[in-house]
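Quick one: this structure, given as structure tokens, is what I'll be asking you about.
Letters A, B and C name the chains as they come in the text, with residue numbers starting at 1 for each one.
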Amino acid sequence: MQTIMTLAEVARKLDGALEGDGRVQVSGLAGIREAEPHQLTFVANPQYAAAAAATRAAAVLVPEDWNRPCSAALIRVRNPDKAFAMAAPWFAPPPVPPLQGVHETAVISPAAQVAPDAAVGPFCVIEEGACVGPRTVVSAGCYIGHGVQIGADCRLYPHVSIREYCRIGSRCILHNGTVIGSDGFGYVQEGAARRKIPQIGIVIIGDDVELGANVMVDRARFGQTRIGNGVKVDNLVQIAHNVIIGDNAVIIAQVGIAGSTIIGERTILAGQVGVAGHLTIGSDVMVGAQSGVSKNIPSKTFVLGGPAAPYEKSVKIHAMTMRLPELREKVTALEDRLARLEQSGKAKQ
Amino acid sequence: MQTIMTLAEVARKLDGALEGDGRVQVSGLAGIREAEPHQLTFVANPQYAAAAAATRAAAVLVPEDWNRPCSAALIRVRNPDKAFAMAAPWFAPPPVPPLQGVHETAVISPAAQVAPDAAVGPFCVIEEGACVGPRTVVSAGCYIGHGVQIGADCRLYPHVSIREYCRIGSRCILHNGTVIGSDGFGYVQEGAARRKIPQIGIVIIGDDVELGANVMVDRARFGQTRIGNGVKVDNLVQIAHNVIIGDNAVIIAQVGIAGSTIIGERTILAGQVGVAGHLTIGSDVMVGAQSGVSKNIPSKTFVLGGPAAPYEKSVKIHAMTMRLPELREKVTALEDRLARLEQSGKAKQ
Amino acid sequence: MQTIMTLAEVARKLDGALEGDGRVQVSGLAGIREAEPHQLTFVANPQYAAAAAATRAAAVLVPEDWNRPCSAALIRVRNPDKAFAMAAPWFAPPPVPPLQGVHETAVISPAAQVAPDAAVGPFCVIEEGACVGPRTVVSAGCYIGHGVQIGADCRLYPHVSIREYCRIGSRCILHNGTVIGSDGFGYVQEGAARRKIPQIGIVIIGDDVELGANVMVDRARFGQTRIGNGVKVDNLVQIAHNVIIGDNAVIIAQVGIAGSTIIGERTILAGQVGVAGHLTIGSDVMVGAQSGVSKNIPSKTFVLGGPAAPYEKSVKIHAMTMRLPELREKVTALEDRLARLEQSGKAKQ
């Protein structure tokens, strides 16, 4: 059942221009460094130009103006990245048959509402008052708490848990182990000990949101923790209580956002960034990887570093820091020269 | 079933002084930036003073000596933060009915002991020799290993797992997906490969401990990994084998503590901090966010940075680093002036 | 059923030389700082030499050339660390009886293949086409997706999930909550929104791999995310799509590796390291804790810092940065001296 296509067919379906033998057959895809002679690959990132000269692939999808050497046939396309994404499903393993119906082992409260065309896997628990929308798939071992609302066409992978009263929009994807609505982290100090502040708010997640595996979104202390429409969150991200994330923001793996911070629309937080609490990060902000954000950031800014500073400044400061030995040598040389001058001055007196 | 109260009632119940129309009704709570005209809010953090001037809330809980402009009625209280925490439950959704009894799907070893008034949710597994104390709630899908002991009045949220022989005190809260007693990370190198060192110790967790969602506490290589009484741990924290955490310590999200390190009482590790192994961190230490701790730290110290240094020093060094361009300009100016002096000296000779 | 041994027996079984009373009995092991009078401990790390002088242990395993004071009996051995690892199981709680057979609650597709001597715990789901090899143990609540292949003698702890078509070698250990094959994080921007790039590759994990608790390994966008033989990964690590990790590499807790990066054989990434995407990290590389790697790294290099630089350079630059106040004072002193010289020069004119 493996798909086999000729390069001529591939080029035609991708609306590309083939340079090479159209009769050669391919049966799969791979990265340019790993590709074997029966595979198709692509170059979108200039870093891989060298690899193109040595690839063992049958053919490489390249940009239309490509002029570097290549050891394989070329298929020139307008956007190699996009073309490759289009070709990938042709050769992929057959998609998994969709989960259907409600598994007999699922424990669903009679006071929960599951749409007739939703699917619920084995060992799921759906509590009283919860609603699961049309065509939504709740995979094995998920926990859906009291009064939770999930929209239409969502996909929850195994072991997701959503605590009471949280609301998920439509067309959302939640990957394995993600937790929505765990308690926010808040205490009142009483002597050396701490008394827990009840966390009685909820989490509201918009439409078209994707949350990676083991993403943690804490419920609000009161009111709502909110994730806007179209937000994409990578694995192992921490989103604390009362955080608000604007539409179409992108949060890369292992980012942590502390309580009550507001992230603007389309803002991108790169991997392992930390953002302190009670801040306002504007829209269209880019925060570089591993940065620590401790102040508000205006919209349309690119910041980097710990603590985060404007990108150009951060890069400049870093470069100067790496040249500190040189600066110190200059200062030592100045001291020597100045001492000689002072000596000669005294000698003249 | 929504609670509605007048501002007069709110002020009276909070023992506060109202400035505004006592007949106005509120039906909920929200943050000062999001509050709507039927909601109550508060200001505890001076950062929000500006927001108070523009809030749409019906009333704001403020400190007794508040003297800033505010667009809403005021209720002066001794501690707005605490008063708000007290008011929050009045307006919250009804608490979820507590889990009761042992769900028929739970798989409980006949050689396990579950207190008659403990609750065990669907799809839980409780192995041989495990003990679950009075009034403790084990939510859906938890795994309680062989010989595990859990005290009274604990709450385990869904998907917690506790491996063999670990012990949890009383009144502990473990959030979704938390793992207690996974193997510590230890190997003996044998050529290029590594042989696993058996991890045969346990984890002991004190009373009144709260562990966030997806907290990982590894079992000891031998002996015990220990978490003291009253310790509070946020989401996605890593606590390695043989770590000892003193009473009432606070560990914020995404912190990692390497093996055999000792953390003193009441010490606070802010978000994303990393602590190397085999260290002793004193009591009442504060470690700033994202710091990297590579040396012992004496008690009552505030450290910051990577590697962590005393706070004031760290802040000073950072400020100087950010002024490196200015320092380099000074050195260049010195070089020019010195060259002129040297020239004029030569000219005179 | 507690094991009790005399020091003479311990010394004999470890092939060590006892200095002290061979009749003294020990019944357990502990760290040198926590050990009690009936316990055995060891010193391998020079940091603990001071603790050896004060330990309450019955005896301490020490290196053969040990010449520091010690408050307990000594047992001189060639490798105290290894000897201790050998002694640990003698005193450990009885190992948990191995899971056997297939639990009646497990939901296993009739089109899955489970070896007759494999074990499957309660509430596991094994989908169509999946294969579980001989003697492999799948603990409670695991999810094994369509067409997944797991080799022989593996151990999956509770709540592991492996998505469709991924392949695990033999003798692998996967700790609680680990997720294999979740979607890689990839989108094509379309205006403000993002269209998901199908992630249709798989994950291939070699033999003798250990993955800690809540490790996330994303499936490839196409082709394979690959983890080599003998790789050891600590808790809460993020491995993105299309990453390739060489044999015997070691990845410590909370590391994040971005998409398409290649990590060489035997390379060690210390805790909380971040590695950018599309990089090649050589073999036998050591990356210090919390470093940020943004460029390719040649083999046999030790790097540190954010961004990572060669270790010696990084340490030197850090030392100089910490002495910036001193450098600035020197520059100020130079300015003063130079101004005086300039003044005296003018005075003479």
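Odds and ends about this structure:
Here is the rule we go by: contacts are C-beta pairs under 8 Å (C-beta built on N, C-alpha and C of every residue); 3 or more make two chains touch, one makes a residue touch a chain.
Everything numeric in this text was worked out from a predicted model, so none of it was measured.
Least-squares overlay of CA atoms from chain A onto chain B yields a rotation of 120° to the nearest 5. Here chain B and chain C face each other with different sets of residues for the most part; under half of the interface numbers are shared between them. For the pair chain B and chain C, the distance between C-alpha centroids works out to 24 Å.
Shown for chain A are the residues that touch two or more other chains, namely 105, 123, 141, 159, 177, 214, 236, 254, 272, 306, 321, 324, 327, 331, 334, 338, 341.
Across the complex, chain A is touched by residues 28-31, 33-34, 45, 47-48, 81-82, 84-85, 88-89, 91-93, 96-97, 103, 105, 121-123, 139-141, 157-159, 173, 175-177, 208, 210, 212-214, 230, 232, 234-236, 247-248, 250, 252-254, 265-266, 271-272, 289-290, 306, 318, 321-322, 324-325, 327-328, 331, 334-335, 338, 341-342, 345 of chain B. In the complex of the two chains, the chain B residues touching chain C come out as 105, 107, 123, 125, 127-128, 141, 143, 145-147, 159, 161, 163-165, 177, 179, 182-183, 185, 187-188, 192-194, 196-198, 200, 202, 214, 216, 218, 221-224, 236, 238, 240, 242, 244, 254, 256, 258, 260, 262, 272, 274, 276, 278, 292, 294, 306-307, 309, 313, 316-317, 320-321, 324, 327, 330-331, 334, 337-338, 341, 344.
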